[in-house]
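In this document, chain identifiers A, B, C and D correspond to the written order of the chains, with residue numbering beginning at 1 in each.
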Amino acid sequence: MTQKLRIAIIGAGRIGYVHAGSVNDTPNLELIYVVDPFEESARKVIADFGGKYSSDPVAVINSGEIDAVIIGSPTPTHIPLLREAINAGVHALCEKPLDLDIKKVDELRTLASSAKINITLGFNRRQDPQFKAVKRKVEEGQIGTIEQVIMTSRDPGPAPQSYIAVSGGIFRDMTIHDFDMARNFVPNIVEVSAFGANSFCDYIKEEGDFDNVSVVMKGANNEIITIINSRHSAYGYDQRIEVFGDKGMLQISNLGHSTVQLSNKDATASGEPYMDFFLERYAASYRNELKLFIEGIKQGKVLGSTYDDGRAALILADAAHESARTGKAVKVNLN
Amino acid sequence: MTQKLRIAIIGAGRIGYVHAGSVNDTPNLELIYVVDPFEESARKVIADFGGKYSSDPVAVINSGEIDAVIIGSPTPTHIPLLREAINAGVHALCEKPLDLDIKKVDELRTLASSAKINITLGFNRRQDPQFKAVKRKVEEGQIGTIEQVIMTSRDPGPAPQSYIAVSGGIFRDMTIHDFDMARNFVPNIVEVSAFGANSFCDYIKEEGDFDNVSVVMKGANNEIITIINSRHSAYGYDQRIEVFGDKGMLQISNLGHSTVQLSNKDATASGEPYMDFFLERYAASYRNELKLFIEGIKQGKVLGSTYDDGRAALILADAAHESARTGKAVKVNLN
Amino acid sequence: MTQKLRIAIIGAGRIGYVHAGSVNDTPNLELIYVVDPFEESARKVIADFGGKYSSDPVAVINSGEIDAVIIGSPTPTHIPLLREAINAGVHALCEKPLDLDIKKVDELRTLASSAKINITLGFNRRQDPQFKAVKRKVEEGQIGTIEQVIMTSRDPGPAPQSYIAVSGGIFRDMTIHDFDMARNFVPNIVEVSAFGANSFCDYIKEEGDFDNVSVVMKGANNEIITIINSRHSAYGYDQRIEVFGDKGMLQISNLGHSTVQLSNKDATASGEPYMDFFLERYAASYRNELKLFIEGIKQGKVLGSTYDDGRAALILADAAHESARTGKAVKVNLN
Amino acid sequence: MTQKLRIAIIGAGRIGYVHAGSVNDTPNLELIYVVDPFEESARKVIADFGGKYSSDPVAVINSGEIDAVIIGSPTPTHIPLLREAINAGVHALCEKPLDLDIKKVDELRTLASSAKINITLGFNRRQDPQFKAVKRKVEEGQIGTIEQVIMTSRDPGPAPQSYIAVSGGIFRDMTIHDFDMARNFVPNIVEVSAFGANSFCDYIKEEGDFDNVSVVMKGANNEIITIINSRHSAYGYDQRIEVFGDKGMLQISNLGHSTVQLSNKDATASGEPYMDFFLERYAASYRNELKLFIEGIKQGKVLGSTYDDGRAALILADAAHESARTGKAVKVNLN
């Protein structure tokens, strides 16, 4: 008889709800606790997927009732809760970013690297079937040696000002996914240059942040990585990558709800609207991420993104933040 | 507390295995029996999804231990087992075709239409998200009045001779899905003309069957439906539809494993191989089909394909069979 | 010094104008006469491309002033004018169809086949770069042996009733291009089955003609050819072909004015409107057709479509006409 | 009677040959001189399109026998020959770049701006039908206000070392087309940041130049322009643009020789190889460029790219050259 893995979810927001659903769908997992200061949010998750309510994540981590914790609470709680989990011997799947302050990330680094628990970072995009297909083809040698990577990520619309205010800026909040994806193809990045603009959103400007950015980075083997971001997109969530090697190029398309194309007097062969946002577009990624976390616990190693992946993405984001404000390329060391 | 619906699966082949997996994934269903003359096949299903073994479908249907039966055994058993299910008051999801002999289908028709149980036919393709998206857009009026429907279905490769020998011919075995899909858009079809050819497969010819066919049908409102089939396809499973109306046209594409496109010295923007065959391509359809069957039981009506849908498809197949052999268009009455 | 080839154009309508432009652009051709009963039409051509006016095609053909004639006058004049050209020793490029009456075509056949002049038929579509690319790839063996050919041709909108009345019916007027294209891939066609419908146009019905048709034909080597036509198309001129062989499939797309794709709140990746109609879509074809005619005169053989190609297309059109009215497949002999 | 415009072509290389062909195809132009130090090259042009040979461009410009000159000789000759043309009152279509040294460009600037002759710069890409379609749709407001422009240009393979050595570097030689295209959409660019890499070509590195580059620029209205270049491309000449505005996005595709797609056991829906290189891909652009030059002479104004367009592109190239070497964004003033 398989022992069930006992799970707590900390943070009952949108992503917490998704994770709870994945836990529910995965054999041999049991949702024990749903933790959130807002009881109503937690109760909604519990109603659909079970578990007990708590408002105290530290108590839950140390309760002895759980084997693993999924940390989806606000960013400033990530490092302290990871520390609790390490000390309590509880495996942790932690949402990105680790923190907005690289110093805090570095402080926990030694402890995290020697911890016996499994710490997996929530860079779900690496687990998306589309991006994984690109990765697999690169690994199969279909395009030879990587020379250029171009990523385009545009959100349907900007987050509210209250969110922007505490987001750490577009590079640490949004581009961080692209930084991690960059390292999925070019792990060792050595230099970062970034440009930011304020094109359309006054309150983003008020917060001292950008609404459109372009980042160029150099890899240790002379790869050039280019990232194009926007905080809005009239045609919906835009998520593309192009990997260019000496033997060819790989590209992915955005995903609509179906492949149906309509031709009429106004348009020819026009596609369906794109999947609206990350919870829909990356539904499979979230499931895969949890699956890898659980499988990693069994195998005793991290199969998804590591703590150091989370640290590397933040270093790149910090460098971009600095470069966009100074106009100078910033050298980085990800080791 | 919700009462669990108790299920038996008759036929433990590939489709039976898929249904068992869907039953396993669906809340409030319990797999009680897996029935197959070959115990080994049944045991494989049981090992993965539970249930008890039986070699006797009639006994299982009448055991009082089940509420619903999924009939995936060979075609000649469909009508007799449906009769048993009706008499036993057991709901039935029955694979296509109902039978190869329209007389047997007609004999059970009155009983089937007055039965209190839910009889749902396994025309899974109607439940495929791609085809459903086309249907929804037609219903939304995006292309106005339907004038033409063109369907292309090509299998990756021919079934073995032993299967062809008892298949009832390509129209009753393979095109029958397209006949049903035709009625999904044009329910009332009045005339059928068919052409068959023997292009590549000697043993299909030996069996008096065709390997490539083209069917043209007329709807009651002057719609023209064209079906193109092949028993093989070098580039994999080909499943497309084009619906043409007075205000526009809708088309779907084949599905690859991802949207990745590769450009290299030999090819530009070439897509992934298509999903290999129906169990993979229509995985979502099978799940949706079961879901509709269960939901229909709750609502007390058939939400998927009906017995009469199964009968209509067979009438069209018979007409095509005749037309391809006589060179004459055949008028049909689906009422 | 190269001798200029002296040309007369008979028929100063839209196609005549196009041909006059091509003559003008081609080195070593001289436009001597533009012939049309409506002097105004002819004068418009002459104003742009030169030449003298005449209302008498027979006189022009026999004037001794010309080496070649382009016959773009109404269909009933084609056979008589070809006869004049043969007798006068004047090369002839004749628009399709040869005639609406196969008997008249057959009457001239012997004379045409033994004539010393070059008689080229205006099936321009064979000279279209898109269709030629498909043909070339088939000849290179890229898809192995042809098993199926599927053609879709839809006009932007129906011709006026006056034209329909004398058109000879959709099969002889519109589908005839597809019949010729079918023979471009499967020269020897042995059986024809056709379906016609009256879906949207009252005056086409009044004239005893169809507005939507589907034709299925069998080739001598068991190829199945399917043609789908409509006299209207909400999204513009639709011209596609799919050739399916035992080793693969070739397809072409419709041509927009550019490859630009627009994504906005209403549509994703929608293409440009298609080129409006045949004079625009097949502009290159018309030029290539004239070029082949001229080159054929030099080489002393027909490089484009032959008189017998014109005859074969008409035989197929007649068979479709009959089949659509009788519901019976019609056997044909194209020899 | 229209007076013919008398033309001299200086430089009988590949582009000179293309221009000679366009001159030959354009009514009311007469090719008087073909000038090249290598008589053999010039004789080849003359054989096909006429004209007299000279090895002395200055003598030809001042001969009184010509009205306009097309300057396609090596870059260092451009400024001196433009000066001669201005002084001689001879219209000039000059290939890009104006010079590799912005000082020389600035020295002639006053004279050029006050010259009575038509000076048109050979930025042919602006005249390409694909890029023009994007421009027109932007002007029609289809995507609202431009926020981002992304250009991808990859050559099939690197030029020989001898060419690289005198090219002025990738930014002044290759990216200069993208700089001009950037200004086609965002005329006023204020800041340039560039990254260069040496990924694959040793002799390019030997010459102190890059083989892969990425450039990011800022427009005066907060537009971000991103350029991605490579000196090689396994799948052929890659020429794309994406323009992103607040109401939508426009994209173009690469051009194959046809739209034919092949599906077989190795690939699905794979396109034709792309047009090989600029003379083929931009054939229409070169014709349009000459047409605009001639039409501009008639209208007394520059309809194509101006001297100042040429100067602006060089300023941007210089800034990119500097930025890629210093790691600092460079502010520019294009006025």
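Simple rule for what comes next: a contact is a pair of C-beta atoms (placed from the backbone, for glycine too) under 8 Å apart; a residue touches a chain by one contact, two chains touch by 3 or more.
The model shown is predicted, which means the values in this text are computed figures rather than measured ones.
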| item | value |
| --- | --- |
| Third chains touching both chain C and chain A | B, D |
| Most widely separated chain from chain B, with each centre as the mean of CA atoms | D |
| B-C against B-D, pair bridged by the larger set of C-beta contacts | B-C |
| Centre distance in Å when chain B and chain C are each reduced to the mean of their C-alpha atoms | 42 |
| CA centroid of chain B to CA centroid of chain D, Å | 58 |
| Touching two or more other chains - residues of chain B | 143, 234-235, 247-249, 262-265, 269, 272 |
| Chain A to chain D touching residues, read off their complex | 143-145, 147-148, 150, 152, 154, 191, 193, 195, 197-200, 212-214, 216, 218, 222-224, 226, 228, 230, 232-235, 238, 244-249, 327-329 |
| Chain B to chain D touching residues, read off their complex | 234-236, 254, 256, 262-265, 267-274 |
| Chain D residues touching chain C - in the complex, by the definition given at the top | 129-130, 132-134, 137, 142-143, 247-253, 255, 257-265, 269, 272 |
